[in-house]
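Have a look at this one before I ask anything.
Chain IDs A, B and C follow the sequence of writing; residue 1 opens each chain.
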Amino acid sequence: MVQFLQACLDGLLIGALYALIGMGLALIFGVMRIVNFAHGAFLMVGMYASWVLFDKFKINPYWGFVPAGLLLFAFGYLVYKALIQPIRARSDFMQILMTTGIALILVDTAQLTFGADYHQTNLALVNSTKHLGPFTLNAASLLSFAIAAALIVGLQQFVVRSRTGQALRAIAQNPNVAPLMGINLTRIQGFSFALGIALAGIAGGLLLPALYLFPTVGEDYTLKAFVIVVLGGMGSIEGAAIGGLVLGVAESITSLYLGNQWALAVDFVLFLLVLSLKPSGIFGRQRA
Amino acid sequence: MVVFGLCALLLPVFVNNNYLMQVFFRIVLFAALGLAWNLVGGYAGQLSLGHVAFFGVGAYGLAICAAHGVPKWIAFVLAPLFATLFAAIIGKIAFRLRGPYFTLSTIASAEVLRLAAANWPLAGGAIGLSAPVLFSLGSFWKSFYYSAVVLAIVAFMVNLWTSRSRFGYYLLAIREDEDTASAVGIDTANYKLRALLLSAFLTALGGALYASAFQYIVPDSALTIEISVQIAIITMLGGAGTLIGPIVGAVLLLGAQELFKTKFQESHLLIYGILIVVVVLFLPEGLVGGFEHRSRGKKQPAQAAAAQGGR
Amino acid sequence: MSAILELKGVSKRFGGLTAVKNVSFTLNQGEILFIIGPNGAGKTTVFNLISGFFHPDEGAIVLNGRNISRLPPQDTARLGIGRTFQIVKPLASLTVLENVMLGAFMHTSSLRQAQEEAEKILDFLQMRQIEKSQARGLPLAMLKRLEIARALATKPKLILLDEVVSGLTTSEALALAELVRRLPEWGVSVVGGVEHVMQVVMKIADRVVVLDYGAKIAEGLPAEVVKNPAVIEAYLGAKYKELAR
């Protein structure tokens, strides 16, 4: 029983990071219906950015994620303007293809720049643990959880309280209505995309201490991100947060009972299950 | 097309290099795969990025059946049938989804297969399986080359028949507007499924051929998403929905890959990526498609430029 | 005259909004019936219900004695309900001829036969000269005719024309109306939906049904309906003058 709860706890800790990734995609896909197959690749870019800051400038990733995030924000905005905006009106088909192409470019550029070798930060924090009753919690995971949780709450407040945030939600519900409410659609969409990418990058930065870094590290995360968005209900940013936590716990429990290699399979199974049974997601409303 | 066919048939007469023959085998095989994908991605307009699943079932089907004593030619026919069955199941789920969810589910199903193959002893796990050699008449690679040509011709014929039949028109209608298609009585789910089954069968034949030619398969060679992407790019680059587009795409893309082998190999993904971006931005109908599109548009009425209103 | 289509107490809700409220009417063989009403009255929803894109929450839709309320669009099409869409949906990369052939394919799988059928229909709608043009880029008047041609090719028993003349100039609208008036010659009864091009309605409608906020408020001959105070009130405003004529 303790093992089960331990797995749940571990799942929650990683789940917060997943939530960040999912919320980023929810912003992009949910709000803008842009199919971003490059989401994981941007996460990878964020990881490398944090790595460079760590390796060259000795900045700890737990601070470094901030400049990394800002960098990714700017980068995301540029990508949007140059490559995504021109094809906004085209079919989903084209957008998927375009973002797939972008992903390939990002991954291979990383490989050419940094080589295919694995990199690793060797922070002491990663190896220390804290004890909470019968449970063991990795200190690094705790820290990233704390940061992620703070960001999630901050993001949620932003979306609910600020004018921009409300504009985002308005567009998610009904893009046609937005211009009528005086919302500058193009600027908001660019902002939304950039923010979504930044979130992916930040998640990457926070993941850096815990993982090995290599060019294709982001691959699995694109699918995870879509699973989370689907779980949470399209366009629901809060839903994505919960979805992230759910996925984290599901993976953790699967790892416990079936072994690590099946953890990834759980992503797909969940994905196909949700799409077959309740396409509108746990928190979604029926969308035409 | 006749020109292509003749070139393809005569090629082995002039080429005596085994390695080159292997290259040509791959080019023609991928042309066939592209033609098969064209039915679903080109005519029906459904972006499947999971076609490697059928390829893999074909490859693994052959290997597993053979490993259990099934005569190799029976296995060769059986494997694509398994793939078609798999396609029927996946299609039922996937086609209920629109747009990106459809594509994601195709990717997901292919990845599930890859994980299954990598973790399942029956499929050899990460170590892989060996596959029987189907034939060796004279030169090994020349005979496999011819088999690929035969497959490509079959796939081409299927495309040809489709483009001139009611089936093909129905697929086009589904691609353009599914509501309009329903309004003229087309059972869209049914027709999409038919296209998928046909496509899956052909793709699986290609997979079985591949397995036999290289005699050994692992999940990362026969079930990797890179193959799905490559098939899609070939067809899109050449022109999805056209007859010779996939062939042109295969020749160009794989040909270029070979020509720039050293440079390309390190950064071939980068080139792919740039190619996709360029095609999407500037050439959404592919090389052949763009050409067709422009020549069709010549007969526009003079008032075409007039205001359309109401739209 | 026998009834080919009946709506019996049909209602449809979307969340909190009742788009169609207890609507009943009948379409007789060979008739041209028009449903009129201000914007939002529920006309398009009624068309979507009849053709199967939506299903009624209450009531029934009966075609030649058969309840079709729960059938999907492809089945209602096969049973003889043709429809055009308010926002035209041509199959853009196909030619005019190919668009119409799509409809003809419902009854034949031969390309040649479908082509012959399509050409006959294009003759009737006076579109032969553009049959080889791509649908994309055609002017609206032609696109509207294309919608009708494609639906006609399915040899329907009745055809739903949703705002078929909206967006056209008066002369284009009247020309198209003349063609619509001749549809019963092809054995096709007509249900048209119109918001405000009343001249057309007056000219060719046999009967009119008036909807307002989802409910039927009047039914009868065009001349009668137009004088109905409830109808005039529903259309109060700029429309008033046109109707009072």
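The rule we apply is simple: a contact is a pair of C-beta atoms (placed from the backbone, for glycine too) under 8 Å apart; a residue touches a chain by one contact, two chains touch by 3 or more.
In this text the structure is predicted, and so the values were computed from the model without any measurement.
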item	value
Reference chain C; chain at largest CA-centroid distance	A
Central subunit by CA centre of mass proxy	B
Computed distance of Cα centres, chain C from chain A, in Å	48
Intercentroid distance (Cα basis), chain B paired with chain A, Å	32
Length of the line joining the C-alpha centres of chain B and chain C, rounded to whole Å	42
Residues of chain A engaged with two or more neighbouring chains	none
Sequence positions of chain B contacting 2 or more other chains	none
Residues of chain B defined as touching chain A within the complex	45, 47, 49, 93, 96-97, 99-101, 103-105, 107-109, 111-112, 115, 118-119, 229, 232, 236, 266-270, 272-277, 279-281, 284
Complex contact set, residues of chain C against chain B	51-53, 72-74, 77-78, 82-83, 85, 87-95, 98, 101-103, 105-106, 108-111, 114, 129-130, 132-134, 137-140, 142-143, 150-151, 153-154, 166-168
Chain A residues touching chain B - in the complex, by the definition given at the top	29, 35, 83, 86-87, 90-98, 100-109, 111-112, 223, 226, 230, 261-262, 264-265, 268-269, 271-272, 275-276, 279
Chain B to chain C touching residues, read off their complex	164-166, 169-170, 172-173, 176-177, 179-188, 293, 296-297, 299-301, 303-304, 306-311
